[in-house]
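In what follows, a structure is listed as structure tokens, so that the remarks can point back to it.
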Amino acid sequence: MTNIEIILTIISLIVLIVAGFYAVFKKDLIHAVVATSVISLVLSLMFYLLQAPDVALTEAAIGIALSTIIFIITIRNTKRFEDK
Amino acid sequence: MSSLVILILIIAGFALLSYFGHSINKTAGNIAVFAAAVLIPLYWFTRVDFSETVSFTISGFQMELGYNMYGKLFSLIVMILSPLALIYALGYMKDSKRTGTFYFSFLFSILGMTGILMSRDFISLFIFWEIMTWSSYLLVIFLGKDVEKTGIRYMVFSALGAYAMFMAIVIIHRNTGSMMLNDYFNAFGNFSTGTKFLTGILLMFGFALKSAVMPVHVWAPGAYSNTPMAYTSVFSGALSKMGVYGLGFVVINLFAHANLHFAGTILAWLGAVTAVLATFSAIFQDDAKKLLAYSSIAQLGYIVTGIGIGTELSIFAGLYLAVLHAAFKGVLFMAAGAVERQAGSTDMTEVTGLIRKMPLTFFASLVAIIALAGVPPLGGFVGKWMLYESLINNGNFLMVIMIFLSSTAAFLYSYKFLFGLFLGQEEPEFENVKEASPLMTIPMLLLSVFLMITGSFPGIVFKYIAEGMTDLGFHDVNWQMSVLTNAWGDSVNLQHVTLSIGVVFVVFLIFLTWKGYKKTYYVSTKDISSSGEVIKPEDNMTYSTDFYKPFERVLHPILKRKIEKYYDEFGEGIGALFDFMRRIYTGNGQTYAFYVIVFLVILLVFSKNIFGY
Amino acid sequence: MQAFLTYSIYGTALFLMLLGLYAVLMKKNLIKIVIGLSVADSGLHLLFVAVGYINGGTAPIFSPAVAGTGTVMTDPVPQALVLTAIVIGFGVTAVALALVVRLYRKHNTTNIDEIKNLKW
Amino acid sequence: MKNVIIISLLGVTAYYLLSAFVSIPFGEDFINGVKDFYLNKSPEDLKVANVVTSIVVNFRGFDTLGEVTVLFLASTALGSILYRRRSSHTALNPQRTAPQASTLVQAGAKVIFPFTVLLGAYVFIHGHLTPGGGFQGGAIIATGFLLMLISYRKFFVEHNVLTWIEALAGTSFVVIGLAGLVYADNHNFLENFLPAGELNDLLSGGIIGIIYIAVGFKVGAEITGILDTLLTIKEAGLDPEEN
Amino acid sequence: MTDPVYFIAIPLLTAFLLPLFGKIYKPLIGIIPGLVFAFTAYISFDLYFNLEPGKPVIVQMAGWAPPWGINLVFGEFSGLIVSLITFLAFLVWVYSYNFKKVGFDNSKKYFTLLMLMVAGSIGVVLTGDIFNMFVFLEITAISSYGLTAFYKGRDSAEAAFKFLLIGSLSSTFILLAILLLYKQTGTLNMAEIAIKSQAIDPKIKSIIAILFFVGFGIEAEMFPLNGWVPDAYSQAPGPVAASFASILAKSGIYALIRVFYTVLDVEGIFNLLLTAGLLTIIFAEFTAMRQTRLRRMLAYSSIGQMGLIMVAFSFNTKAGVFAGLFLMFNHAVIKTLLFLASGFLTYSTKQKKIRDLDGFGKIMPFTSLMFGLGAFAIVGLPPFSGFWGKLNMLTATADSNLYLVIALILVVAVVEIIYYFKVIGRLYFRERHEDVNIQKPTWNAVLAMSILALVIIGVGLYPDFITDYLAKATNELFDKAGYIKHVLPSLSLN
């Protein structure tokens, strides 16, 4: 790995953790879902960095778009906010 | 094919036949049942080859069927009592519903008993034992009374007993590599002490449970009295003898021969205690069926005592009592059933004065009661005589006292039974009661004839017992047709006794008839003089009400501590524990997930201990 | 550096996974629980790919530029496995969300504590 | 309190798992296993440039069959979870709850949609050459449909067509696999029975390309079906059938 | 010779095509799955009975020999289980073929899911590749979620959600374990892992073993991982609950024993399995006793049986495995019968309570008889097949010198007797409630139940019908070297 890649990796890891916290602890479910989508995005970047373009593409298509959208559809059919 | 297998198949076939016969129509079913009652004993007496053995291997376990003389003795009980009870049932069950199920279970329990007595290995013993158990369970709950309590209690205790045996069996298999009874008996001496005790005690527990020994007798009163009486005669007469059968070979073949006499002694003590306590409980029952049920337990207590002592004479006495008990308890339960059917109840505070309505039933009961009470000239006396002698020989004087106490107390309930149901004033409501149908009276009378014969010729039973005892290792057992002797030189010729008592009886009867016939007049229970106190119609003034009130007052403190109560409390406690346990399944999916993680973490933390790396 | 990367990447992946599990165990909202499952899956996928990585390796594709040059390639097997895992995870998520919708329509709530008609 | 317990439980788990994972450091070529065989055989025997594809479709093609099944299963399960007893009425006039999107979005969607589909098709057709393949392509196509579904309230996917595509694509996967039993050299399920072609050629890889196309169609149809099911569910509120 | 891949390929093919059949002619939706089940049952029996002793049929996928390709192993052990699964699946189809309650459109989904569940279970049993096993396990699991939530108007969604939650944890753990295994051995083929696993660092190996244990334990209904079981069993449609007991749980326990007997070489796991099995028995049976709903009671009883099976397998002796297989057979057949019978018994009662069944023996004689027979058999009363299973189980326990375990099993058996006989007492010896309406069993349900009853009685009277096969399967399971030799002729266990 080149240095740039390493730095990118580390940044991605940090973003992953932050987004993970956001996804788990945010009361607004739409925000949480967007955070999972961010996780997927960063993950797909990381996959690319880790020389796994196939996986990156899959994660991008499924994780970023489709998963997120089915979550959002469900949230719209139920409740947007977590109870206290 | 072997005659033994054919016997089993015949019984099973008749069971199915009567089931399907009854589902077609009643007559067809009854014909099948009657045929079974005739043909099964006929086949057994004429065709079965008692020297034959059948062995086969199933699922890797060797199994063997074959009679020995000891089993044959008990088979005799089954084969005489059950057909009579079946014929009786034809009359008794005439108007009931679901008779198909009844006869099916009845015949299957006969199958079970027959099988037990011809099993020479533990597997078939256990299989037939279980068949007997579940078929009798179906009969216990047949009337739908008290299903939850009595039925379940019966099944739980039976299962406990059976599974104790089961455990013993697998441990035996582990130690001998074989399932044959004989291999076990032969190898028993070489077992370690722990294994000896474990297997012996477990087997003993299983058998003792079936013979209703304290403190595991609690299933018996309910089960005996809730079952249709047609079956109870077999239940108490023959089925409980299976326990005696097993106790016989456990105590004798194992403990006596391996010098572990004290196990037998404990059993004998338990039997004696059972006899005393059950007798006292019987005295205070108002329901004739309950009374007989407790009386059965008490009688089984004597038998167990006899077996438990383990000397030649005591076993002889025990087995003789077992045969007699089958006969007289058979009659008594049949009589109670006849009364129940004809008069509608067996509650002795309601039903009275049936002697004129049901003279045959009364006569049979009278004979049976005399036999039960152990009074000369009938067979019970002979059994008691031998039992006392064996106890005295053995030096168990306390036990003699207990048995004596119980025998004496047995008079009380015998009297109560006879008086309550048959004597006393006639109630107008029983005006139209008729004698039971011949289908019911004939079996009773046949059995009472048998009882009368054994009074003067006990030898006809002794013969089989003596043969049977050779299989328990007692050779050349002495017996005489109708003379009782004892170790210290007395002897009683039973024929003389019978003759003399018979003469006295006849003379007395003639005297009574001559003296008192004309003065007899009938009164109802309410037709009494009262001074000051007015009798209301709802007052129960039958003779049997509070029959033994004074005794009851004295004995109440002892008897109120019913062992059932402890079992019930135990059961409730267990139930509460189970209720607590099932709260683990909280219904919250998250909690389940939490369990998963906890389990994972526990395993991870202890991985070093589990995998030992 | 190597050790640092090892710990940081594996650690982050496992952390993400356990964060998801935390949501599954602690969050009362059904959708949050499903989000937790999906986050846990993401962590797992990262773990798979990270395990397959080889220093200096290229993507396991013999494009004309690479073919025959004998370059080191990353391990393709975990990548193939994770492809399957992602698709399976998507399927499970879809089913879970459909169930959430059903549950919401029946109980009018998404709080898992209020949905326990079946117990004991 | 519960928080603490769970965090500590998870912490213990993390400790053990991490200790297991770090035993062999990141990025080291440690495994002496099947991967070398795959890296050798894929370009040589199968003439497939993308080794992941050759693994997914050929070496471990059976997994992929299972994977396709999982998606099919998910869409069926979704149908079975969200079905309505009297679906015949609502099927005629299904209501999508989404509000009408703005004109800009609609216009954009209309433009983007064909390109998305094309991109998806490209991805799965070139699955054996470049990164990507059936799943990715199918997912991309589904995204295109998703765009249309949320932009236009009246855009309906023809269920008949979806059913046919689904069925035929799945069937062709299995049938190609079964054909291997008959035509291929070793008579194995999913074995290649077509000429392998040249490396980095579009028509290389034998049945791999065909299977990936089938997978692409199947995945696209399944995911579109899933989205459509989820989008046409009734508006929020208690369901009378449930209670 | 039949290729074992048909067991999986044909149900999948049919599942994909089923919607099209439905478009041609609606009733085909009901008929085609039956044909498929009949066919798979036929070929599995054909293949199983013609198996050369000691020579499993091994097929490789895509022409790549193991360990590079995925292989299927149809040996005496896996073949036995596959035959059992296909046979019971066929009977479940016979029972549920005219599924009137929901109409054909929805029964299409039902049959598709059922078929995929069966195919998945068969895949789990046949496959020789650990990741492939995971994939099939997921197929089984997802179809089970769908089937559990199939009926509306019950708490089925709740049950399915719990199932899904726990099932997802299970798949997470299994995936982690597979990843660790791959990292350690570089292969996914079970035979090759079996060779290489001896060299794995024992610490890591123990973690792998624990992850597998928990993951498969969830499917095998192990305590305390079985919270989903009673809910799923009680809310799923009757035949589905039957197939959960006979198919899903079987594939779970199969995976568990395959992994620990063949693949991983860890001794300590067997004590763990024993403990877990005993806990499972105790908690399940004791909980079952206090149940008021029939299906829930059966579900807990089913868990208890699975615990017994685990205990049997935990002895790691031939007698134990033999007994375990016997118990598996019994549990599959008898529990299926019980669930099928309970389906009609509780058909029209809203609450599905046991006390609603008073006096049903009179009005539903056949179904009640079948239930009674099943109850007699499952508690191990002779002369039904349950007895032989229990006998073998207990002799195996005694051979392992675990006398306390015998006592425990027997005490629990008493508890089992109590709750089953309570139901029988209610069915036959109680007056029925007023205005009960009942659903007469359809002819196909009667047929399915009769076949099961015949099997139970037949095996009960003459267990040697199956003991030979069980013994062969036992030997095959213990012949680890043989398994490796057949799968990987070039390598061998050192």
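Lettered A, B, C, D and E in written order, each chain numbered from 1.
The rule is short, and it goes like this: a contact is a pair of C-beta atoms (placed from the backbone, for glycine too) under 8 Å apart; a residue touches a chain by one contact, two chains touch by 3 or more.
In this text the structure is predicted, and so the values were computed from the model without any measurement.
*Asks:* Would you kindly count the fewest steps from chain A to chain E, each step being a jump to a chain that touches the current one?
*Replies:* Graph distance in the chain contact network comes out at 2.
*Asks:* Where centres are the averaged C-alpha coordinates, which chain has the largest centre distance to chain B?
*Replies:* Result for max centroid distance from chain B is chain A.
*Asks:* Measuring from the mean of all protein Cα atoms shown, which chain centre lies nearest?
*Replies:* Closest to the centre of all protein C-alpha atoms: chain E.
*Asks:* D-E versus A-D: which has more C-beta pairs touching?
*Replies:* It is D-E, judged by the count of C-beta pairs in contact.
*Asks:* Taking the mean of the CA coordinates per chain, how far is chain A from chain C in Å?
*Replies:* Chain centroid spacing, chain A to chain C, equals 10 Å.
*Asks:* Using mean C-alpha positions as chain centres, tell me how far chain B is from chain E in Å, no decimals.
*Replies:* Their C-alpha centroids are separated by 44 Å.
*Asks:* Just the number, please: Cα centre separation of chain B and chain D in whole Å.
*Replies:* Those two chain centres are 72 Å apart.
*Asks:* Averaging only over C-alpha atoms, locate the centres of chain C and chain E and give their separation in whole Å.
*Replies:* Chain centroid spacing, chain C to chain E, equals 29 Å.
*Asks:* Could you say which residues in chain B touch two or more other chains, in rising order?
*Replies:* 582, 585, 587, 589-590, 593-594, 597-598, 600, 604, 607
*Asks:* Which chain C residues sit where two or more other chains touch them?
*Replies:* Those would be 5, 9, 15, 21-22, 24-26, 28, 30, 33, 47, 50-51, 53, 55, 57, 59-61, 73, 77, 79, 81, 83-84, 86-88, 90-92, 94-95, 97, 99-102, 104, 106, 115-118, 120.
*Asks:* Where in chain D do residues touch at least two different other chains?
*Replies:* In chain D, 6, 10, 13, 16-17, 21, 27, 31, 33-35, 38, 50, 52, 60, 63, 66-67, 70, 73-74, 77-78, 81, 131, 135, 226, 230, 233, 236, 239, 242-243 touch at least two other chains.
*Asks:* So which chains actually touch one another? I want all the pairs, not just one.
*Replies:* Pairs satisfying the touch definition: A-C, A-D, B-C, B-D, B-E, C-D, C-E, D-E.
*Asks:* What residues of chain A sit close enough to touch chain C in their complex?
*Replies:* The touching residues are 1, 6, 9-10, 13, 16-17, 20-21, 23-24, 29, 32-33, 36, 39-40, 43, 46-47, 50-55, 58-59, 62-63, 66-67, 70-71, 73-75, 77-79, 82-83.
*Asks:* In their shared complex, at which residues does chain C touch chain B?
*Replies:* Residues 21, 24-26, 28, 33, 112-113, 115-120 of chain C touch chain B in their complex.
*Asks:* Name, in rising order, each residue of chain C that touches chain A in their complex.
*Replies:* Residue positions touching the partner: 1, 5, 8-9, 12, 15-16, 19-20, 22-23, 27-32, 34-36, 38-39, 42, 45-46, 49-50, 52-53, 55-61, 73-74, 79, 82-83, 86-87, 90, 93-94, 97, 100-101, 104, 110-111.
*Asks:* Residue numbers of chain A touching chain D in their complex, please.
*Replies:* Going through chain A, the ones touching chain D are 1, 52-58, 60-62, 65-66, 69-70, 73-74, 76-78.
*Asks:* Hey, which residues of chain B end up touching chain E in the complex?
*Replies:* Contact set of chain B toward chain E: 58-61, 101, 123, 126-127, 130-131, 133-134, 137, 141-144, 147-148, 151-152, 155-156, 159-160, 163-164, 166-167, 170-171, 173-174, 198, 575, 577-579, 581-582, 584-585, 587, 589-593, 595-600, 603-604, 607-608, 610-613.
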